[in-house]
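To keep things simple, chains are lettered A, B, C and D as they appear, and every chain counts its residues starting from 1.
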Amino acid sequence: MQDGFSVSVQEADFDAGAEIARLVAGREDIGATASFIGYVRADKVHAAAAEKVVAMTLEHYPGMTEQALTDIVEAAQGRWPLVAVRVIHRVGRLEPGAQIVFVAVAAAHRGEAFAACEFIMDYLKTRAPFWKKEETPAGGHWVEARESDDQATARWAGR
Amino acid sequence: MQDGFSVSVQEADFDAGAEIARLVAGREDIGATASFIGYVRADKVHAAAAEKVVAMTLEHYPGMTEQALTDIVEAAQGRWPLVAVRVIHRVGRLEPGAQIVFVAVAAAHRGEAFAACEFIMDYLKTRAPFWKKEETPAGGHWVEARESDDQATARWAGR
Amino acid sequence: MKVKVLFFAGLREALGVAAEAVDVPAGIVQVGALRDWLAARGEPWPALATAKNLRVAVNQHMVGLDAPLNSGDEIAFFPPVTGG
Amino acid sequence: MKVKVLFFAGLREALGVAAEAVDVPAGIVQVGALRDWLAARGEPWPALATAKNLRVAVNQHMVGLDAPLNSGDEIAFFPPVTGG
């Protein structure tokens, strides 16, 4: 990928502030960064204790994940004039409150930064090979894909 | 404003990563944060040296600024179920690359975090009493408001 | 009726004043009329009437030129905002 | 024709296998036919045919069930993704 554009799949946590600062360091043509962080939720706030999420294990398809994320970032570059993009997705076992995913987009103007950041997240949700298994006191189960995520991806097709 | 929601107008710089971390600290019901940072650009990349922005001075209307930002955040809370919001706007003299504005929104799901973050920025751009004066080697001039900013605000009225 | 009038940014520079205590003549009961009365005071005040897309706030809330005036109000005139 | 077949997440658990080298009989030239042939091998393999919204990647790119097979391909079957 082009300089300034990168994706990582890793077990380690990340420092969002440092990642954003790295994207804009030494540049005077960036007017905007839009960033997203996804976190493990303990889920339904009023759920019974047995339904509370104790941890989430992220499985992925090594080899394909980086390629899929790269394809998504390049699709965003094809749509908007972007200066830099950083995507990080964690794998392994994560507890509630933990950071899962990070997307930051730097551009001259805010419109394209916001749009590209949301576009990357929407595609990541339906096209990048990651799977979540929730662990509750009652046992473990694989998270079902949400139809709303397919709809979120589909709305970009018409634009 | 409600706990978790705050706005600041200040000369001091801010640490975006620390601000986001503070929003989510100790919470297990946040699935998403969307953040925005605006920066001083040296402007048109191919401009003549005399047109390059050497610095930008941000003037504001003390007293009204905090109130206007608070009103905008409360309008966002009225539209989406948000867990926490942080808005920071700097004033004074800033050089290219400097951070000007920060908006972070925490919510259960990404859709409302992205929408509220962009909504707050769009309203801030047209409703919060800040004015930019650009300083170039050829002199200083007040930045003209962009019609595209009014359009960005107007599109929320229909939603 | 006494009010406080404020000017910001380019308008403040063009008028050469940031704030002024004004005793408004009877009969001037709206923000737009106040602007016209101020603008009629000779140079450099006509700049207030010709300002493009003039914005107004009364007591720190943006309003239209038809907003009513009350004694003790803080009225601010300024160009379209450009922060963010 | 020899290919490598991978399974992920709930499908991997249901089938009890993560990866398998397969010698595909002549006549099976599409991903969908490969799935049907694998699913016909008795328990627990029918789970592959009944999986809801089964997704397929050939050589690490998502494709439809009508995608062609070539010797040496890496074919992955998995449920809809749920990362992010």
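Please note the rule applied: a residue touches a chain if its C-beta (ideal position, glycine included) is under 8 Å from a C-beta of that chain, and two chains touch if they have at least 3 such contacts.
Treat the numbers as computed from the prediction; the structure is a model and nothing was measured.
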Spell out the chains that contact chain B while also contacting chain D. A
In whole angstrom, how far does the Cα centroid of chain A sit from the Cα centroid of chain C? 48
How many Å are there between the centre of chain A and the centre of chain B, using C-alpha atoms for each centre? 23
Computed distance of Cα centres, chain C from chain B, in Å: 26
When centres are defined as mean Cα positions, the distance from chain C to chain D in whole Å is 72
Where in chain C do residues touch two or more of the other chains? 84
Residues of chain B that contact two or more other chains, please. 38, 110, 121
By the touch definition up top, name every chain pair that qualifies. A-B, A-D, B-C
Using the touch definition from the top, list the residues of chain A that touch chain B in their complex. 15-18, 20-21, 24, 26-42, 45, 96-97, 108, 110-111, 113-114, 117-118, 121, 148, 152
Could you please specify the touching residues of chain A with respect to chain D in the complex? 38, 58-61, 63-64, 67-68, 89, 100-101, 121, 124-133, 142-145
Once bound in the complex, which stretches of chain D touch chain A? 6, 8-10, 53, 57, 60-62, 76, 78-84
